[in-house]
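Sharing a structure, written as structure tokens. Questions coming.
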């Protein structure tokens, strides 16, 4: 990846779009520390994250949450436990309090009756919503969503997108990687297009989709719009 | 044949039956102790292999070499090696101890591979999710890896132990008093070899068969989503240079 | 410890030991192919035979996989003489280990048969193949690819298992190690060297089996 320069303000919803392999997911994973950045800085609230320092990384991770394309739920735990395990065991919070919050969150994503189900009993869309609830239980300052609908059957996509819409309207700061262009256009405050590891163009959704400035962006937007 | 049948009453005396039972007990103890220790050391080896710290790299190399070597040496050769090495140091060391150490050395190598496969069977994405939520190494192992890995671990591990019960019969040759050795004792008492070793075979069968059935039952209970029985047979025997159990 | 390691004595005996390794290989081959033949019969019997045949195969497999190979061989060598059957050490080892391997190879091949899916047979039929053709082009390749890894691993297992023949007097690798150990008293050294030879032998065999698997059966196996 090269020449990535991005600033995210609180409450913004930034969407990363671009062809496969352009580095969008890699950027998200690098931010959360799953791949070690070799150069450059990630600054959270004015404080740079030191990815080689366990303490610095831990503190940074406490303030963000990531939802993966493959949901990555813990198969050996119930839905409720998936959501509560981190706050209880890692953040050492009070169990009853966390479980109440978790119940509320699962309600919010539409899974009120599935507390004691196991991930393999749920559909992809339901599992993804559990993953979102799990991320929200961490009370993150920024939510990273990595192609969260790409692995879902079409009819399940909308439920997840609805959930994200609610989060956006609640003012959650989000960094979204997605192929759902209509959704991106609707929900983002800014759109960033990436290709081959660098940022190609950045701007408001209307700018990027209606009047892209760079030829690469124009090419990409042209292709996806034609697809509709 | 006639003399054989004549021998039967004099064979199954109280004393002889006790001797056989002692042999069975000794075999079980030898296997359990050796494989138990082997499991502990095998787990330690796996822990060394999966950590990412650079400080452990030389130990990692030693450990991997150990596993790859000891998986390719016959048990009998290991027995002889340990025997002669131990007796060079101290000629009074117990033969049973030598046998336990030999079993342990081999079991460590094989079990570490079995454990490693079980741990790696837990999908990477779950580990990444735990990592991104600040789980830390031990917490991830305890909350995510172990609860899922043990189901993958148990069938091949028990198959290995059941197989080793039979391999301990080789220890009789260096004088360890286990089941096969008691057979040799009885054969020495001028009982017919045909009779004695048939009985020994039956004793081993009685020891091994129920355990095999138990293991097969357990595997059926545990391994629901991983395919049919035939696929499991093919998968287990394809992985670990031989040690498997059927029937 | 008053023992100093002297490998020179053992290295001088290397040709003798390597001769033993050759016998080990020879034994492994005979046992493997003999066992595979028995296993084929058993697998066929269990898959296509009537209830009595199936029971017979099951009893055979159950008995020989739940009793030690060593005791089986020892029985042939030291038990049968009482019934008037005298076997040479080599014969007893070969017969015993072959019959023993046959039981395991029955299960492997039976599992291979069972792994052929109904859908494959249907597909072959839909393509217009008769029985002979579907066997040759669909079933057989599938079975061979499926059972190759377990068979390869089992061969390695047999290779190591031949060492027990030494205990009834066969002069294969381990047997010769015992001889040298007795005559030179350099026991630790000779068994270290022999352990090394087994490792090399096994690595070479694994490599060869891997290559053969890739080329002839298009099978990708875990090697190490």
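Order as written gives the chain letters A, B and C; numbering starts at 1 within each chain.
Here is the rule we go by: a contact is a pair of C-beta atoms (placed from the backbone, for glycine too) under 8 Å apart; a residue touches a chain by one contact, two chains touch by 3 or more.
Owing to the predicted nature of the structure, the values given are computational and were not obtained by experimental measurement.
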Relative to chain C, largest Cα-centroid distance belongs to chain A
Could you quickly compare B-C and A-B and let me know which has more C-beta contacts?
B-C
Chain occupying the middle, per Cα centroid:
B
Quick one: chain A and chain C, Cα centre-to-centre, how many Å?
54
Cα centroid separation, chain B vs chain C, in Å, comes to 19
Where the centres are mean C-alpha positions, what is the separation of chain A from chain B, in Å?
47
For chain B, which residues are in contact with chain C within the complex?
1, 4, 68-69, 72-78, 80-81, 84-85, 88-89, 166-167, 169-170, 173, 180, 183, 187, 192-198, 200-201, 204-205, 208-209, 212, 228-231, 233-234, 237-247
Across the complex, what residues on chain B touch chain A?
123, 125-126, 128-136, 139, 143-144, 147-148
Considering the complex alone, what residue numbers of chain A touch chain B?
32-34, 58, 61-62, 65-66, 68, 70, 72-77, 85-86, 89-90, 138
For the complex, which residues does chain C have touching chain B?
1, 3, 58, 61-63, 65-72, 74-75, 78-83, 103-104, 107-108, 110-112, 114-115, 146-147, 149-150, 153-154, 156-157, 160-161, 163-164, 166-167, 174, 177-178, 181, 187-188, 191-192, 194-195, 198-199, 202-203, 221-222, 224
